[in-house]
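What follows is a pair of complexes built around chain A, which joins chain B in one and chain C in the other.
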Partner chain A sequence: MQEFATALDSITRVHGVRGAMLVSLSDGLVVAESSMDGVDGVPVAALTASLAGRLRRTTEAAGRRPPTFIHLRATTGTVLAVPSHDDLLVVAIGAPDINVGLARLEMLHVAERGI
Partner chain B sequence: MRAVEPWVEGPLATFLDESAARLTLLMTSAGQVLAQHGFTRAFDVMSAAALGAGIMASTDELARLMDAPPFRAMAHQGVQHGLFLSGFDTPQGRWIGLVVFGPESSLGLVQLFFERLVVDLAMKAPTEAPSNRVLGSDFEDELNASLRTLFGQ
Partner chain C sequence: MRFADAMTDSIRVMTAQLASDPASMIFLPLGEALRRRGQLEAAEKVALAGLGRYPESADAHDLYARVLGDRGQLELAFDEWDIALRLEPDHVGAHKGIGFLYFVAGELDRALAHLETAARQLPDDDGAQTALARVKEALARRAAAGNGAGREMDGAALADQLAPVPIADPSRLFLGLEGAGDGLLLLDTRGLRLGGGLTSPDGDDVADTVSAHLAGVSQEASRTARLLGLGEWISLAAESPDGHLFAVAPTPETLLLLVREQGVPLGRLGVVADHAAGVARAWLEGLR
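For the complex of A and B:
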């Protein structure tokens, strides 16, 4: 679990990120989470995994490769997600003015390194 | 989707829309079916209700042996389907939900929206205590009436 926490801390240090978590892509369950102050991770995990799964099926149906980075921007917040190789989804939640570029780099790093 | 109690239909319809569950069964802890979605045969639904209630009774007993509070939910994940079974309290007594879902849904989604279903049912439930007539002499008539409601026959 310490490995999970260390990996997620590198994401939550990015400006604007309110929390990060690892989610089981197939189940939509939280595997690990970090600094989820004021955010209920359970619905975020379930819905983000569902979204990622649907996007993957959509791109497959279109004959394209599955997405490597998902950016969902709303008026009051942002959800970022990066599918990993081992059925995990790296998810970050943040403010609308989140540093998307840096958060993306850290998330891809966590996803590629594997947990 | 069919329900013996009309006030169950709204919350259950919302749950089915959100979770994309394939089969759903709501029953009392005794196995009396209150609502169902996805079953096409009365025999199947009565069997599933009896088995689901039996599983919950077994886990309740296991929890008692462990001096622990009753388990809230149980999940089985198969290759094609998953099964979610959970007991919950309503103003009408203790109920059990049995949900079967496919790859178009997930355990996380089912758990999430099942919790909302429980809250919605508690809000919509009539406050008066349920009658015990199902255990009376007209048990068979009540059972047949429930089956007719659940399958529209």
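For the complex of A and C:
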């Protein structure tokens, strides 16, 4: 579990990131979460995994390879997601002024390194 | 790729999609594609299976009605369109279908009311406009020469006119925009393509399949954003090693998808998507 926490901390240190979590892609369950105060991670994990799965199927239907980075932008915040090779989804929730580029790099790093 | 080959491939892909996800709304474009190919038995099976799962879908009743119309079962077709209108009083396909049936039956005033509704919502639909013009001509003749006009339309003409509610002409919907004919898709929340087009890197037409996969994605994005207290969702982007997808919602009932090669920055996609969404909104407004 310490490895999970360390991995997520590298993401939550990025400016604008409010919280991060690891989600099982296949069943949408929370594997680990960090700094998710005030947010119920369980439904968020389920919906984010569902969205990621849908986008994977969509890109495949479009003849493209599965997504490596997903960005949901909303009026007062942002959700970022990066699928990893081991059936996990690295998710970050951020403020509208989040440094998306840096958060993306950290998330890709976590996903590529494996948990 | 020849049109017939592309159609066959499209049917194969949609059939596989439906088999893997029986709850998918892809039965609608699949049933329609089968109907257009004259595979009425298969189209009927698809429509009935879809109706079994979605008995309150006006589109499903519309599809089944068109199949019944092609089979010459006009009374049953009428019933299905009637149900569609009860479920969705503004359903254009049902107005159009019932309008034609009233026309064939010689009930010109009723035909006029339905076809005017359909033609108003579909100003670019030649079928609806032509049928409306015929009804008006017939009414004028009846006024001049007494009752009885209005039965001129034969079965073949009816079959032509029973074509589905037209998908917007892609070249007209996004004309002048980057990727007007390929890489821009407008669809409704049920995953039915309203306009635009999309081909895979191999050149296959994947517009309908991709649209079907996106059914409900807008609601899912909306739920996720709200659950997190992030307000309304604005855009959804997916980076893939060989292409980017960018989705926005021009209206609460529609989704616009932009697909570009990997080299195009996501920021650029946002600009193009915003522009295309404005065009789509204007186009949708024009249909109302």
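Of note:
The definition used in the following text is that the second predicted complex is superposed on the first by the 115 of 115 C-alpha atoms of A that agree within 3 Å, B and C clash if a C-alpha of one lies under 4 Å from a C-alpha of the other, contacts with A are read in each partner's own complex, and residues count from 1 in each chain.
We adopt the following convention: a residue touches a chain if its C-beta (ideal position, glycine included) is under 8 Å from a C-beta of that chain, and two chains touch if they have at least 3 such contacts.
Keep in mind that this is a model prediction, so the values were computed, not measured.
Look at chain A after the overlay: chain B and chain C fit there side by side. In the superposition on chain A, A:Leu29 makes contact with chain B only, not with chain C. By the document's definition of touching, of the two partners only chain C reaches A:Arg64; chain B does not. In the superposition on chain A, A:Gly77 makes contact with chain C only, while chain B stays out of contact range.
Of the two partner chains placed around the shared chain by superposition, chain C is the only one that A:Val39 touches, whereas chain B remains out of contact.
Using the contact criterion defined above for the overlaid structures, shared-chain residue A:Ile93 touches chain C, although it does not reach chain B. Once chain A of one complex is fitted onto chain A of the other, the partner contacts of A:His15 are absent, as it touches neither chain B nor chain C. Once the two complexes are laid over each other on the shared chain, residue contacts for A:Leu47 go to chain B and to chain C alike. Number of chain A residues touched is higher for C, counting chain B against chain C. When the two structures are aligned on the shared chain, A:Leu55 is found in touch with chain C, with no touch to chain B.
Think of it this way: put the two complexes on top of each other by chain A, and the tightest Cα contact between chain B and chain C is 7 Å. On chain A, the surface touched by chain B in one complex and the surface touched by chain C in the other have residues 43, 47, 50 in common. The residues of chain B lying in touch with chain A in their complex are 77, 105-109, 111-112. Every residue of chain C that touches chain A in the complex is listed here, in rising order: 13, 17, 198, 200-202, 204, 206, 209-210, 213-214, 217, 220-221, 223-225, 227-243, 245, 259, 266. Residues 23-24, 26-29, 42-43, 45-47, 49-50, 53 of chain A are the ones that touch chain B when the two sit in their complex.
In the complex of the two chains, the chain A residues touching chain C come out as 38-40, 43-44, 47-48, 50-51, 54-55, 57-59, 61-79, 93.
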